[in-house]
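So that you can tell them apart, the chains are marked A, B, C, D and E in the order they are listed, and the count of residues begins at 1 in each.
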């Protein structure tokens, strides 16, 4: 009905379970608070124009606020400003805008931290990091920010010199066998692992952008009889991913909480609409950190983690 | 020889014939007959009708908001980039080609404009020229491979798409140039974003550029020799060659123009989104082809009107905005747009058949 | 009438002519002449030559590793899905169509197979049948819109692509079914992953399926009436219709077969990647079209051989693996593949010209 | 005698152009009916309308007294009507044999043909070669040549050979000798006589008056989209025919249809 | 007298097929040269080789004594050689006027034409209509009709009208009357005489012997890819010509080229 408060959710895509869960979380919370949720998504990760169009539509539609996971964190800023000028509150979810103040508030996972945790864990697990032969599995050649943050976080955690922290692939450390692209799905993971093993059958550490890519890589490892030989780390904490941790297909994964982000975002807009109060960031950070937890059944000293059983309680999708 | 004269004698029987031009009566009278004729002569009217019908449809479904000058001009703004690129695509498709590299050329051009200013400190006017030049050079390469090396346009532009896009990522180091910085240092880059108020409606220079471009090309295609040659080349290149068209030259001109227009689209893109981002425009090829085909231009070349492509882009824009305003969620919107693309072309075909 | 007989008298002068068949000498002798003739008669040999040349090239650049049976069969495995889909795509392109929905149909079919087992507990054999049926139905819809509604294939399959993909995401709720679970509950879904050892080389059932499919279709296209009709429809549908081909029926059969093959590709995909994921296969359309065109099949229909498409897929596979093994970084690989696609087709054209 | 193929009141419009204007038409069993008329008079449209290639806007067609409504040339073929269209209707990239057997291919005997549906190429090529030799088209050097590589006349020869070989009830030839050489034209005329002697009626559209007067039993004169008159070649001269079809002379009342 | 257009030793092969086999060729100023021969003899290939549509594998061509090597028909046109190809070379979707002026369009006078390069449609349409009327092709009902909607003969008429209107040095007609009606054929023959009287030589390929013998000054007989002989129509009968070209009779030594 036209009288209730409308809130828009704009995600990068809606084909990734992560965003599907985010939408479910937002829908549930909106229903609870008696608000109307309209959701939008780009066609592919990086589809910036569709997100701009979505913001324009929300303005035209008279929404009270916008929750957005931006595909292009700095290009979106003028469109976000336009919305704010029109009196909407804009909250960034999952991915901070550049600059972070461009949004009224940010509820996000720290993707760099997520990478760092699995990097540290991998380093601790292998012990002698000088023997590492690392395969890197990224999203795609356009290097969207999540991909860069996780990749660079992982390398930092593992103890490798980053070069330019704004891009992957410029590192000169010989322990990196190669940077592959996977489109963040099983197919790409499978093929990339085949390529990596053909290049260097001694690969023993594998970073993956997300759990579907890790699952694909695991199929190759099974084929090559190398399942125990490679330390596989990933990011996301979706239920199939955590299950794969329990089954030993993935060594450790950084879990994020999209449902929580979405729910918090909807609540914040409600508060803004009703009382005009803006949410506060986590002390010491420029954003409200919804937290990230390392899920593994083989904890490493000095790296806090939860078990896969605990992870399954909290998982999404 | 006696046989000769006998042979052709009977033919002279036709000589005292009555020299009036044959006239058959046109039995299709009245308004409908006239309408059918008008439609037949102006094929771009068909997508226009579909466009108007869909505006009315969504107006009824969505209500007042949809008819506001704000909404109407918003659609124009939202389709401006696709509209400009679709103009380039139309030219290529009219020659029975296809250009998959349009989006990549567009992005690379805008990135070059930005880098020239921000990395090398070149004056913005010159930087823009460089960007346009890059688009033009991409066009030259496409054209040379198609016209002189006689490679299939699909493959040439598929290859160029990958090459140009990868160059773009490598060259830009995947960095976005921020809107704020552009505004401060080189506002000319954003000039296509300049707004005009025209009776409650907001138009941008980019929208006006798109309209002017389409009308200019429409004129050139219809009323100049070059335009006729473009159609002839698309229709049957062998016949065109035999009847005196410089087929290679025409193809070159088309691909070069397409590259240049894409570079302008890149410039207009800066006006639209403010910043310069190497990741935008990845769907521009499929979107522009969609607009062109919905607009009634044949993928086999030689048939259709560039105005149709503009209407095609607008039809998709109307559907998209309309469905969003109706609150359809993203996947449902995609699904419905898929349905509507088919429906729009089906209606188009049907009108053509009725008016044939 | 006296004029008549005179008229045709001279024509009888041809009656006592010498009835030997005209024979001109073939002046192109020797090995090269024979080779040219063989190439001319078997167009699929040209991409085969490009393929062999590129294997040799990368073998020299990369060294021993590349020539191992291991690497060679790895390429086959990496190419199997694109190869199967390219077979479907070839059929459609031979009729002067194009199928943008192949990847979407493939994914939806595999998702349906999975959901049938895991959400509804249907026996796996039945589930697979349902998945194949879904592919077939998508094919029926494509075919009906193209053959009976006479809509352009590009638009029909563009629309279907969006519709099928959105249905896939809506239906699957974007859930992946894990490899582990499939192995436990419904291993038949992964049957195409079954391995064979053939003298140091590892082949999967999926690879064998791809090869068998391509050879069967190649036979059908070359040696059955249906195959001749497919070519005739692509060549000139009006002429085909006038000379007694059931054009609609042929088109229907092609699109239905294409849908069904895509469903098989979906099944094979489960064998390859272990799990069932709604997000894979999004590039299958562009990749399969690339393979087909590199393989020398004309996008305008009626010319080319399906074996060529297989070689086309393998050429891309060789380039990709070769470049990775040379350690090219991802963005450079992307760029080089663009270059190599163009180069492969240029070489193809050149050989054709020389052998004409 | 009843007409084997009859058309009444046929109308076909293309946009503003009226190609058939309430046209009548009769073909009697066993006869050779020539159709003559100016360029653009509507002759090709007329035979397309009776052979299913074009669906007339109005009017009816009867085959052997039964009303028929062909919506595709396949239906006409199935009723034994074989047509050589002026545009020849060939698949340019396919071979001569492929084109001749399009839609009625021969399969190999035995298992290969029955279950694997394998074409009998050898048989089809032999048949094609024989038929072309009958027409004296021996300059075709390679029976597997694509039709697009044939000379204009060779192409026409292939089309005529196809129709003559397969027509069982009516054979329609739209300017079958237009591109043919003297020798090849004579062969086609012989072929037409031959087909007639097999009892199959023929419709022959031609601009070659000597040929028309040589073989036709009756001549349908077409003008401005309709049948102006039907004349008997034994009672009329070529000059009369030409004068009628060009409008230089009005036909007498008796000859008018 | 020197030949205006001369070919020596021309060879053209298509794969296994030899279309031109060391062929010679001469056209003299002001004459009408007919080229006759069986279907597939290589006549069309010969004129393609001299008009730039095909590049011969071997052999030379001279125009007015100067050796030339056309690699495209545009070059031949620029040298004043205008050709009607057997396949007609029209853009099917474009109008009659567009096709007639393809490659030499008229622009509007004044600003519109000079700066906006606007075509003068009215002038082009009028010219097209006049030329077609000269040919008696008045059954064309709409000058803006797409060429693909014309009847076979109408299409040929448009092609002939185009060549006659623009040829300045040599006009080549490959079977210009094949699809034409009696009246239209006569008009083309008149047109040929007319062009000749303007001093422009013509090459006419035709299978119609009466027409050839009526207008030709010399007859080039083509057989098996080469010039068999050149005969004078005043000294030879049609029967002789047909006998030579079909191989029924050997030409006497004197007539051989």
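In this section, contacts are C-beta pairs under 8 Å (C-beta built on N, C-alpha and C of every residue); 3 or more make two chains touch, one makes a residue touch a chain.
Every value quoted in this text rests on a predicted model; they were computed, and no experiment measured them.
Here the chain-to-chain distance from chain A to chain D, counted in touching steps, is 2.
Within the contact network of the assembly, the step distance from chain A to chain E comes to 2. Taking the CA centroid of chain C as reference, the farthest chain centroid is that of E.
Relative to the C-alpha centre of chain D, the farthest chain centre belongs to A. The pair with more inter-chain C-beta contacts, choosing from C-E and B-E, is B-E.
The distance from the centre of chain B to the centre of chain D, each centre being the mean of the chain's C-alpha atoms, comes to 44 Å.
A separation of 37 Å divides the Cα centre of chain A from that of chain C.
Between the Cα centres of chain D and chain E there is a gap of 28 Å. Across the assembly, chain D contributes residues 14, 16-17, 40, 87, 139, 141, 182-183, 185, 209-210, 224, 237-238, 242, 246 that each touch 2 or more other chains. Under the contact definition stated at the top, the residues of chain A that touch 2 or more other chains are 14, 141. Annotation for chain C: residues touching 2 or more other chains are 3, 7, 9-12, 14-15, 17, 22, 24, 169, 331, 334. Screening every pair of chains for touch gives A-B, A-C, B-C, B-D, B-E, C-D, C-E, D-E.
Residue ranges on chain A touching chain B, taken from their complex, read 14, 23, 36, 38-41, 43-44, 46-49, 52-54, 56-57, 60-61, 71-75, 77-79, 98, 141-144, 148, 164, 166-167.
Residues of chain C touching chain E in their complex: 7, 9-18, 22, 24-28, 37, 40, 356.
Taken in their complex, chain E has these residues touching chain C: 13-18, 21, 40, 209-210, 224-225, 237-243, 246-249. Those residues of chain B whose C-beta lies close enough to touch chain E in the complex are 1, 3-4, 7-8, 10-12, 14-15, 17, 19-24, 219, 223-226, 228-229, 231-232, 235-236, 238-246, 302-303. Of all residues in chain E, those touching chain D in their complex are 14, 16-17, 37-41, 44, 86-87, 137, 139-142, 145, 149-154, 157, 175, 178-185, 207-209, 224, 242, 245-246.
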